[in-house]
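For reference, the structure discussed in these notes is given below.
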Amino acid sequence: MQDMNLTGLFIDLMGRLGLNYEFLATGYEAQIWRDGFITTLYLVAVTIPVSLIVGLIFAACLTSGRLWLSAPVRGFVELTRNTPTLVQLMFSFLVLNTVVSNMLGGAQNNPLSPFFWVVAVVGLHVAALHAEAIRGGIEAVPSSMIEAARGMGFSQFEILRYVQIPLAFRASLPAIVNGLISLVKSTTVGNAIAVSEITYASIMVWTQRDNVVELMIVLLAFFSLINFVVARVGSWVERRLAIPGYGL
Amino acid sequence: MSMAVTPKTTSTSSRVLRYIGFVAMPLIVIVWSLIDLSLGRELVEWIPYLASGFSMNILITICAVTLGTTAGVTLGLMQLAPFWFVRLPAQIYVQIFRNAPALVLIFATTYIFPFEIVLFGNYLPFPDWVKAVIGLAILSSAYIAEITRGAVLSIPTTQWEATKGLGFSRLQALRYVILPQCVRRSLPPWMNVASSMAMGTSLASLVGVHELMHAATDASTAVRRLDFTIIAYVVVMAAFFTLCYPIARLTRRLEQRFNAG
Amino acid sequence: MTASTATETGAAIVKLEDVHLSFGQTEVLKGIDLTINKGDAVSIIGPSGSGKSTILRCINALVTPQSGKITVAGTRVDQLTKESERIQLRKRVGIVFQQYNLFPHLTVLDNIVLAPTKILGADRTATVKLARELLEKVRLSEKADAYPGQLSGGQQQRVAIARALAMKPELVLFDEVTSALDPETVGEVLWVIRDLIRDGMTSILVTHEMRFAEEISDTVVFTENGRIVDHGSPQQIFHTTDNPRIRQFVGGLSGGGRGAVRDGEGI
Amino acid sequence: MTASTATETGAAIVKLEDVHLSFGQTEVLKGIDLTINKGDAVSIIGPSGSGKSTILRCINALVTPQSGKITVAGTRVDQLTKESERIQLRKRVGIVFQQYNLFPHLTVLDNIVLAPTKILGADRTATVKLARELLEKVRLSEKADAYPGQLSGGQQQRVAIARALAMKPELVLFDEVTSALDPETVGEVLWVIRDLIRDGMTSILVTHEMRFAEEISDTVVFTENGRIVDHGSPQQIFHTTDNPRIRQFVGGLSGGGRGAVRDGEGI
Amino acid sequence: DATLDRIKGRGKLTVGVILSGAPFGSIDPKTQEQKGYNIDIAKALAADLGVELETVTVTPPNRVQFLQQGKVDILIANMQYTEERAKVLDYVPTPYDRAGGAAVVRKDSGLKDWADLKGKPVCISQGSNYAQPLAEEYGAIVKGLPSQPESLLALQGGNCVAAVHVGATVGLLLLDRADEWKDYAIPFPTELIPSDSVIWLRKGEADTQKALDESVKKLHASGKMLELAKENRLLNTKYLEEENKKLSAK
């Protein structure tokens, strides 16, 4: 009851400012809109680790010096960087997903949800961006340092694991944070395949109520908030990992 | 020794990819159209419409990236200014607009800018595509400001010292010594911004621009064939790929050129 | 050795009087007095952290002391308040650093030509001609179009010297210009400086090459812990001084650097 | 001086026979023959580009020669084909480079402990104990928890030596370990190496510190242009050789680096 | 009022239309021009007002913005009458059509009526107003895809059991492309929330509203509206016929 009153008060107040938030008082629209916030947060929380882990693997492949590892990854990186994520997503969901369904003998057997496809497409797209950034970092590790490690008996993988990645990760952290910020924004493409994240919910509301401005304001505030947190965490990690004497 | 091997393999692999990249998607489209001729005819009929849409994407991309780069570099330098009243506005601008989804920024331009301006009693239309350019330029300038700031900070202080020793003023040092060196460092992240701006142009239909994504939807709606809907997507991907990939290659070439220097 | 005893060749071009300077808490210069006449070559030697580089920076107005007078070619450097005045001074006083800091994006020729044309507004054709002469002087004529990344350390350092000279300075400061070089290329840089000094350029050198300092200097200054412990002719400082600290520094490996390893003590 | 003439202290631990190596077109090693016995200290001297570093790299299997035999502690290094075999070898042969290349993201202690624990799979507690002993040996006990960025060049280089020793190598290669150091810190690194050699560690040093090479080596090898021009006791090479090239190199600044500046010739 | 003056002053009526598919609005690939029932109505209205016609393609997120800004004078954009909309916009009281939703489902799905959709995924296009009734009344899981082609692809891909769109559009589709859709049908007996399609305009433009209402009525009365509908192959013209009778009788 208290809650209803608060909502009512808010709607009233905004109404006086000329902003129409009346849908909040309804059942269905208010519901999908509230769910939208949660779905977006969930989506962001799942996609960030996916992008980081895959990005690391991609970067390792790109710098491995083995053609059979680097060529497919490079191909994927160029493809995903140079075509719209939105189309990739629609294509994956409407075509690839159907192919998977057919292979598994019907959509009811297909465990891949739209949510999965958003995580996969956005996650891999941002992973490609991370990979490029980390590759830059790996290649910036002085070759003399790698030779020193090799001289001590480190294998190629051990050099990557203990020397190159720790250094490259630090060096590319600002770029990675940039990538994560665009990841957060990219999750909005999920609306194209009906993942009920916040933009989807907003679209569903504003196509009926035409209160686009009101919802855009909320979108701006919400995404700014998430990205503010991401940037904060990023600079916290940067400070935690800072090592004396190096402007990494 | 692996050091000596690595560049060779990457260059062969990228040479192979260079061709695959350009050929693969158009090839899918052509082969498919030839197998199903009725689909091919349908597609050929729509190509002019799609192309006219895509020309808008190209126009908007070029303008937005140019404008965004200019503004971004300026803002980036402002963020490093020694005076807070220069620094602070730039920092606030960057933080707000870097975090905003492109959708919101482009939409905001319809709200802020009129559709026509009255000048000496004449109605001058304010073209929709200019709104899209402004929306995307704001976003890209915020990104590029950060890139510029990072690049300037990554130039060794000894370079600044050398310019001081020679009697350069701060601005002269920036202009002749520091910024030229920033170019190389900023190229890869700049490319990322440029390509995401190109992708972002697909939101321009929001402000009423006839662009490729929207044109493809119009076409699919009109044709009402499922396979056409799919092939239209492939065409869209191929189009964006042909727009962005050459820029990506060019920046990598430039990167290598600067490396040599 | 060219000249040896006191410094009466001309009027004072640099004069430091009781200069005190601290970075935050640490007092780095604790009262420096130094007079350098036109045409002199002065070497500053002393252990690491004794304030040698800081003295050069004061002269070039890269740092401002807390107290004391600094006069360079008639300008009261310590009283300069505007950056533009400092820039004016720096145009007349060249400085070459240990890290040669060429501009990596410009060719050798452009590195030399940039400052005179853009800062002094000199005519480009004339400057290019001057630059080629300077490159000849530092024996790098054939490298005019190379980029710094394509040169060895010694070659880069010689370009850096040419770059400083292109501004036609009245005075050149050298801060350990050979320290970052590998042993085999030290010689080529020292040749160039020796030639310059023989041509009469006023110069102040911070160096660890004792033998070189002994050969080319008119005056040698020994600094320690922010003070000038002693100064005099090379003969005095290197051979006849009574000061045990200087004897140790000049003589021992742990004090005197590689310049001392062959004379049998200190290891 | 510890020992001076021929090398009969033990069995050959390193043997190079007619080793030829080219990078692309340029022939870098043109037939190297070299035998080093267990417990020996061998110095390699010679002008820049003469192939000194390349010899060390061959011994450590970082490069593979086109022809010739290399035997290190019973292993035919030239015949190793698998990277894993090379890694096995490298675990037994330590190498320290001019650029000390500590891992900047790890503390001094972790720099030393990393390789033994991760590569040899040694027990961490034991390795930490060993690391502390080694730090004591290189006189850096109090810096165990510092990061490389907080150390001076000389201190970093000493950590690099400790890091190589932590792998308990049978042989240590030093490649111009003092060249990147400023003159005043060279001494502290050389002390450490001298102690090591006195303790009987087999070592090969590439160095420009002639005086040092003379003092600590059992054998001195002079290389030029991919060939071993001469080798012998320090006495032979530095004092009694007839070879005019070696005399010039050992004696002059332009050839001999800073190590020679105080003996009056060559400038 | 201002809008009518402007229309007259410029000699041009600017109409916002949505291209949601035949028979209402789509692009003719040959001429690259818009065609369809909505566009024909716009043409007829302009002719009746004695002015030229200019059409602007609008999308759900920008249509009201364009109208409020004055970029378009009126919207003929598949916007059904709802009370919420009527609070912010004015509309021409006489509707030009009445439309409701039809569900395309697989013939073997066994779905017979709207109630059968409970708990099942249903695809719609993001602009449509069927989301709320489907979710609230029938308990379906609504999935809004960007536009009709995607929704239909999702249906064929098995991502939902039914695709609900304006009856006329999907009806025509199943007719025209019977081959592709042979496994599918529109089995439900009723249309979902049949409601009035009206022309929308800015609030407080009484004169324009009156002028347009007269024009629409005229079109109904003369049978022209019905004729346009038939030309564009609207399947269900019952409402238009009634309206034609009612108005021509007067």
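Just so it is clear, A, B, C, D and E label the chains in written order, and each chain counts residues from 1 on its own.
In this text, a contact is a pair of C-beta atoms (placed from the backbone, for glycine too) under 8 Å apart; a residue touches a chain by one contact, two chains touch by 3 or more.
Here's who's who by UniProt: A, B = Polar amino acid transport system permease protein; C, D = Polar amino acid transport system ATP-binding protein.
What you see is a predicted model; the values in this text were computed from it and never measured.
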Most widely separated chain from chain C, with each centre as the mean of CA atoms: E
Pair of chains ranked first by number of touching C-beta pairs: A-B
Remotest chain, chain D as reference, centres from CA atoms: E
Approximate Å spacing (C-alpha centroids) for the pair chain A, chain C: 54
Centroid spacing, where centroids are CA-atom means, of chain A and chain B in whole angstrom: 19
Cα-centroid distance, chain B relative to chain C, in whole angstrom: 49
Centroid distance [mean C-alpha coordinates] between chain D and chain B, Å: 52
Numbers and ranges of chain E residues touching at least 2 other chains: 61-62, 65, 146, 150, 153, 156
For chain B, residues that touch 2 or more chains besides their own: 107, 111, 229-230
Touching two or more other chains - residue numbers and ranges from chain C: none
In the complex, chain A residues that touch chain D: 142, 144-145, 147-156, 158, 162-163, 166-167, 170, 241, 243-246, 248
In the complex with chain B, residue positions of chain A that touch it: 63, 65-67, 70-71, 74-75, 78-79, 81-88, 90-91, 94-95, 129, 132-133, 136, 143, 146, 156, 174-175, 178, 181-182, 185, 188, 199, 212-213, 216, 219-220, 223-224, 227-228, 231, 247
Chain D - residues contacting chain A, complex: 60, 62, 83-84, 87-91, 94-95, 97, 99-101, 103-105, 114-115, 118-119, 146-150, 160, 163-164, 167
Residues on chain B engaged by chain E in the complex (per definition of touch): 45-46, 48-49, 52, 107, 110-111, 114-116, 205-208, 210, 214, 217-222, 224-226, 229-230
Contact footprint of chain B on chain E as seen in their complex: 19-22, 26-30, 32, 56-59, 61-62, 65-66, 69-71, 146-150, 152-153, 156, 173, 176-177, 180
